[in-house]
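Read through the structure below, which is laid out as structure tokens, and then see the notes.
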Amino acid sequence: MVGTPVLFIAIPLLAAFLIPLLGMIWKELVRIVPGLVLTYLLILAINLLNHVLVHGPIVEVIAGWVPPIGINLVFSAFSGFLVTLMIFLGLLVWIYSYRFKRNVEYEPALKYFLMLMMLITGSVGIVLTGDIFNMFVFIEITSISAYGLTAFYKGRNSAEASFKYVMMGSIASTFLLLAIMIIYSQLGTLNMADIARKIHLMNPTLKIVSYIFFVTALGIEAEIFPLNGWAPDAYAEAPGPVGAAFAGIVVKAAVYAIIRYTYTIFDLSSSFSFLIIIGMITLIIAETAAIRQEKLKRMLAYSSIGQMGLVLVAFGFGTKEGVFAALFLMLNHAIIKSLLFFSGSYLVYNSTEKNIKEVNGMSKFLPVTSLLFAIGAFAIVGLPPFAGFWSKLSVLTAAADSNMILIMVLVLMVSVVELVYYLRVVNRIYFFKKEADTKPHKPTFNALFVMLVLGAIILLIGFYPDAVTGMLHKASASLMDKGQYIHNVLSLK
Amino acid sequence: MKEIKENIIQRIKANFADAAEKNDFKDNRVDFSVKKETIPSILFYLKDEMGFIHLSHISCVDWLEEGELEVVFIVWSPKDKIKVFVRTRLDRDNPVMDNVDMIWRQANTYEREMREMFGVQFTGLVAPEEFLLEDWQGPPPFRRDFDTAAYAEKTFWHRPGREDAQDVRETIANRDGEEIPDFAKKYSR
Amino acid sequence: MMNDKNSQKIVDIIQNWARKHSIWVLAYGTGCGAIEIPPTMTSRYDAERLGVRGAATPRQADVLLITGYLTVKTMKRVIRVYEQMQDPKYVIGFGSCTINGGMYYDSYNTIKVLDKYLPVDVYINGCMPRPEAVLSGFAQLQKRIAEGRANGAQQYKDNLEWYRANQKKIIPNWIMPEYNW
Amino acid sequence: MEMIHIIFLIFLGGAVLTYFAGKVSKVLQDIFFLLSVLVPAYLFFANVGIGKEVTLTLGGITLVWGVNHFSWLFSLIVLGLGSMAAIYAIGYMKGKERKGYFYFNFILSIMAMMGILLSLDLVSFFVFWEIMTWSSYLMTVYNGHETQRIGIKYFVFSAIGAYAMLMAIVIVHHVAGSFMIGSMINFYPNMSLSLQIWIPILFLMAFGVKAALMPLHVWAPDAYSNAPMAYTSVFSGALSKMGIYGMVIVLVTMINQIPQGFWFREVIAWLGGITAVLGTLWAIKQDDAKKLLAYSSVAQLGYIIVGIAIGTELGMLAGLFLAVMHALFKGTLFMVTGAVEKQTGTTNFTEVTGLIRKMPWTFFAALFSIIALAGIPPLGGFVGKWMLYEALITSNHYLLVIVIFFSSTAAFLYCYKFLFGFFLGQEEKEWAHVKEAPVVMLVPMIIMSVLMFVLGTFPGLILKPINSGLVDLGYIDTFKHLWNTSIIFNAWGDHVVLQPILYYIIAIFVFFALFLTWKGHKTTRYVTTKDISSSGEVPAEDENLTFSVGFMQPFLRAVAPAMRRQIDKYYTGIADGLESLFEFMRRIYTGNGQTYAVYVIVFVVVVLLFKSVLF
Amino acid sequence: METVLMDILGAVVTFLVAFVVGMTYGGLSRKITARVQNRKGPPWYQNFIDAFKLGFKKSAIHHGVMHHLGGAFLMVSSVMTLMIVPVLSHNNWFPNLNFQGDLIFLLYIMTFGPLGMALGAGQTGNPNSAIGVTRGLSQMVGFEIPWVLALVALMIQYHTTSITGLMAAQAHSGTWLMFSSPFAFIAAVMAMLGMFRYSPFDIVGAPTELASGPVSENGGKYLFVMMSSGSVFTFAKLTLYVDLFMGGADNLLILLVKTFALYLIPMLYGMTTPRYRTEQAVRWFWGWPSFFGLLAILQAVIF
């Protein structure tokens, strides 16, 4: 035992509050400390994950109260995988934004890193917690730091985007609280495992209503259509690395929550088809909306939304293959979309409008960044031999195994649309003449390093998917095994 | 017919002060003389305002004795069935006037011919230098002071006995009981 | 005449016989004479029975038929056409304009004597010559071919400088390719 | 490490090395490029035995690569043409920018094609298929800005086809439980009828796109004409053959197994026929050599599809022989176009004329390929055409044979247009400086021309591997029954003996050529093309009398009704409609927070209202 | 060696016969045309005189090697056709390549020459030549359709693609194919009108409009070779028709009668019709002739 899950919450939270204090000692510490913390957490997460993959999930009780009364953290293969992924991305975001010039120009660096740490803490907490009210708290932590990060540039547009986010977020909180209230009034417990055990006792109508409220609330964070109005604006106005963090961390956590409710807590069999329906609608509308976007980050945001829809669809199959595909997609999406946000924000670095046409001809000035963006674009579309292909293949295989031919057709048609708009951007980068007024900005060394790492991972998974598939299989198995989860949590003494 | 002609004369005179009209022709002909500067505007007016949409011909007359060249534009109105002659006089030594092929495209051809045959220069005329007379070196051949026989004598060979066409002249001179007009006599020298 | 014939080799006789009976005419329709060619060729006078037949291009033609006055501008083309024809080739001057200028004797722009510029084998007199006269001209040409006396092409080649000088006198801008046979 | 793996590693490593070698030295880059195409080709033919299989497990999926006679035949096309085009590309790319990019994608597409041919399982087949698609796409947009739409059109069509195939693959995996091609084929008779029909349709969509079958061909003219010519010869000559390869497998192993297959084959054959006609007609209309050849490729692929779709032994032989010949002559023709483009800077017939005396060897290659393309004896194209007609007639496709005949007769028009446009006509002062193409570009063209000539008389040389490939697919051995080294038979026993024909043709030609040369050789003179009998006019030096604008107008007027409708326009209409739909979708996100709040409420209300339906 | 010599001799004899017959037919055509037009007309041997005269021309020009060899290409086509078509049936006089008598091969070798000559015409740089060539090729696309329809009808009816096979079928049944497959015969004859390029399908080399089109730069020996080729080709095509539709011929006299009877069709049709424009000609061929061709196929399939 090298560490306990509670460290994932305690340490970054502590670090977040210490950052302003440390900043008083030495300004540079503000930048360095989060990195150290995240590195430590990553090592910890990997160790724990290895342990969990072999020995089964770790359940930790906070403050000594045994479930169902107390709050507990569950580090299973499934949640452990997500936590590792999030922390890894968090680390990359940190490296990337270590010298990201913009975050010094607009605000002191400490606020940025503070909020980033809070964001990671909250997201990790969402994934780890075994208590629905605790989850609500973590969601609030995440949201609040996300609002702050959205408005980071302090411009008119940023403020507007942030305000939209705040508004939607408060709606989400309301619904979430409502749902929690319903469940608590019915079952008298807030522990997930306990709820899962007793859920059949609930009034069926109320059960459905509370599920709908949960999905609505989490759907706002998870960018489900039509609840995702905030997302394009927030992505477009937030700094580039923050966009990557949203796509890779926040949304993942929200999706995790939905999945946890659907798979573990509620026993609604039709909720799977509900997931497929909303996922499909989200996918189609987001991808078709993306094709006509004029701003690069907005386009990426829509693409991100669409991918989340696809993840939900894959989860909605309700089979092990489906979960495997969904997890694979989440992993790929986190990596690829981060790469796209990272490289994309350098491609339009100096522009005010962030229009797509400002990437014209950038390949001459930013060859490596352009290449990485192209790789990311090809990968997310699912072209072999890049990473995205394998996840797309597994999604389709899962769909075929569930006999959902129509879903396959729709997913593939949407893929064509996706292909078109990514190709347009790549073509602009490589084959168009540079706009006269754009000034290319060379990426800093650490940013380049991060992008290269991500690109290498994409290629690695593309050429050798076995690197991750074993882990994903175990993670999906752990999610599917509901009884084991309940048993693990409730058998604690 | 008469009213129409009167009407045309009225309108032209009202618009162009220097137009001197001559209305003693029969039938459907009206004749104006104008200054050369007025030519484009009067032609435009005739075409656009009065329905003389067809340019029948552009001709040139050499008034050797008066030292002038007269350029004649003949336009035709299919609606009124009237033709209008517009005349202008140019200095014979410096015959320059405005090109009008932007009004009628076919004017270009007439102008090229006149440039070659009479030496009238049209300012702004865009056309190849040579038209009918390739490799021409002499003076404009349609001017009355051009001696065609002398030129032919100088340029070409004659079959012996045909240099001066003496036999033709004699034949003409010896014709009996035949009215020979004066110009024919003059022509046969 | 007999002497001429004796001087021919047997091959020449055969060749000349073939040439004589197969006259492909390139009618250069200048002036008013062009109108006389259709009646000559069609049913009424039927020149084809003599082996006379129209040719479409100078490359295929044997006879260049110049049907009337030649202005300087046309002259240039006629020389060009003549030089493109292939040996053996003949020229028929048609009508008085080609002989002495005819009614254009004092025109500033027509040549008066064709044989100063091209080697004419046969002149056909008249203004205009009727088809009978044309046929007679062809018959005369056939006779000359058979006798081996229709050697205008050779004459042109031998006296090229003289012809060129005459041609260049009326055509100062000489931009034609070299005469190459 | 198996030899096949080594070959692929050389390809992959060579591609990367070549790309980066350009930073060091151009010559080194050229050498690396040549090596990484030629060495694997050599290794493949020298060291890889037919029937060998190697496996590799990746992502829980077993990838099996192996060679059989049939894929060996296509490997011959790919590697043969690929090597030729690679040598040619050295000359073609000299002095052009983005060399590394070109070489990288070139090697990658050759690798992908080889991968397709060697794949025995559907996943690696699909992976290589997609690699081939995007590497060729990157070549299509090589020329930059203007080609963006074209590239996207190509990629979208390819993607639609590829995704259809992916769907079929996934369904096959679901029902058959394995990704192996062999198990798919074995399982095929046990599938339900709807799957038996849909699986081939989905596969044929993918293959039809690459083989430019009629309603899916619209990308081809643009893509072929916009890629660099050195690549287009591979693109049109070999890459499109991947569609043919797939089609043959699908047709033979699946469609022939079911009774409904007859209609399948008829429909595909007719589509092929219509493709041939439309391709030919549009090729006649083009004024740009690249476009002309591109449309012509579409038409030629139509013949090949007809041959393989009718499915008799003779038809198969004809289709595959034509495929080989098409690789040869169309590869050469694109190389010729590239050479002309390199030397003059344009490929427009209305601009370039009279190069025959400037580029005689190029003209020689062009002449041979055109004769082969037109199917005129004694070159190889004739053998393929002959077998195709005989196959059609003996298998009772009477109307189809007329369609094909019309198309191949009309092909003379564009054949002539190509030769005339570049090489004949007046020699212009503007092109007086033009020199013959460099030797490195000439050599592949000449080699391929000679091959065409040899195959015209000894088609058995290539019919032998074709025959073994067909035997592999389950056809009977047709040696001495339908073909011999230089005799070709039809199913009724009529035959053409090619050798005496060649000797007669040579004898007659030589006799009259000598006669023309010897007779009057002293007084026969060469004159320039300015010295023509054009009404006695002397064309000025800068005056171009060549007839090149509106070249085939009378014929086009005659066939105008058939060309009034363009399939392309329908697709454009669909695309425009979709764009406006997308614009509407974009407007769902109004950017207004209140709207979004309303969306949330509406969502909740709707879901709650319909909860009894949903849950 | 002996057989090779005999082969060569046979080929030369066949060629000479074809040359003489073709030239004579050309002369007769001129004569008959003249008589129809109420003229005396040239003698029947006028074409020989013309040909010899062209051969005797002293000088010649060419515009390049393709132009120079254009005639040779043309000759390959016509002589190969002649070699393949069986001149006389049941006869070992002119066997040549008769065993090769495959119709589809024949169709293609027949296009070899026009294309080769078209290249020569193209190299002259004379716009008229190129225009003529495009017209000729377009017209060829026109008449090939009914022609191929007729041939396909014959092939599928008798299950053979060789000329000798079709001749054998006629000998076997005792009926000429022009009676047993009348529609095919009609279609083929209508196609023949285009093949001979007499009026109304003579726009290819319209003398006054195009200055004789493809041959406008050819004179002297070049024109001589082309004329000879045309004569040989005429004979070969007529013989082919006789073989296909009239049961072949046992001796030269019958062959001459039959071929001349066939030859009269395009000749007389041409005298009475004015010229078509190219697209009109092409559409004409795709109208009634193709309809008859389709009827022929229908007949062949049904019966």
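The chains carry the letters A, B, C, D and E, assigned in the order they are written, with residues numbered from 1 in each.
The definition used in the following text is that a residue touches a chain if its C-beta (ideal position, glycine included) is under 8 Å from a C-beta of that chain, and two chains touch if they have at least 3 such contacts.
If you're wondering where the values come from, they're calculated on a predicted model, not measured in any experiment.
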Original post:
Which chains, if any, touch chain A and chain C both?
Top reply: D
**OP:** Walk from chain A over to chain E along touching chains and report the minimum step count.
**Re:** 2
Original post:
When chain C is withheld from the analysis and all other chains remain in place, what is the resulting partition into connected groups?
Top reply: A, D, E | B
Original post:
Measuring centre to centre, with centres taken as mean CA positions, what chain is farthest from chain B?
Top reply: A
**OP:** Tell me, please, which two chains come out on top when C-beta pairs in contact are counted per chain pair.
**Re:** D-E
Original post:
For chain A and chain B, what's the span in angstrom between their mean Cα positions?
Top reply: 91
Original post:
Where the CA atoms of chain C average out and where those of chain D average out, how many Å apart are those spots?
Top reply: 58
Subject >> chain A and chain D: spacing of chain centres that average the CA atoms, whole Å >> reply: 44
Original post:
Distance-wise, how many Å sit between the C-alpha centres of chain D and chain E, to the nearest whole number?
Top reply: 36
Original post:
Could you say which residues in chain D touch two or more other chains, in rising order?
Top reply: 523, 525, 527-528, 530-531, 533
**OP:** Enumerate the residues of chain B that touch no fewer than two other chains.
**Re:** none
Original post:
When you check chain E against every other chain, which residues touch at least two of them?
Top reply: 57-61, 211, 216-217, 220
Subject >> Pairwise chain contacts, counting only pairs that touch as defined >> reply: A-D, B-C, C-D, C-E, D-E
**OP:** Write out the stretch or stretches of chain D touching chain A in their complex.
**Re:** 57-60, 123, 126-128, 130-131, 133-134, 141, 144-145, 147-148, 151-152, 155-156, 159-160, 163-164, 166-167, 170-171, 173-174, 579, 581-583, 585-586, 588-589, 591, 593, 595-597, 599-600, 602-604, 607-608, 611, 614-615
Subject >> chain B - residues contacting chain C, complex >> reply: 132-135, 137-138, 141, 146, 148-149, 151-152, 155-159, 162, 165, 168
Original post:
Which residues of chain E touch chain D in the complex?
Top reply: 11, 55, 57-66, 68-69, 71-73, 75-76, 79-80, 83, 97, 99-100, 102, 104-105, 108-109, 111-112, 115, 118-119, 122-128, 130-131, 133-135, 137-138, 140-142, 144-145, 148-149, 152, 155-156, 159-162, 165, 211, 216-217, 220-222, 225, 277-279, 282-283, 286, 297, 301
Subject >> Interface residues, chain A side, partner chain D - complex >> reply: 160, 163-164, 167-168, 171, 175, 208-209, 211-213, 216, 219-220, 226-227, 229-230, 232-233, 268, 270-271, 273-274, 277, 285, 288-289, 291-293, 378, 383-385, 389-390, 393, 396-397, 399-401, 403, 405, 408-409, 412-413, 415-417, 419-420, 423-424, 427-428, 430-433, 464-466, 469
**OP:** Would you pull the chain C residues touching chain B in the complex into a rising list?
**Re:** 72-73, 76, 99-101, 105-113, 116, 166, 169-173
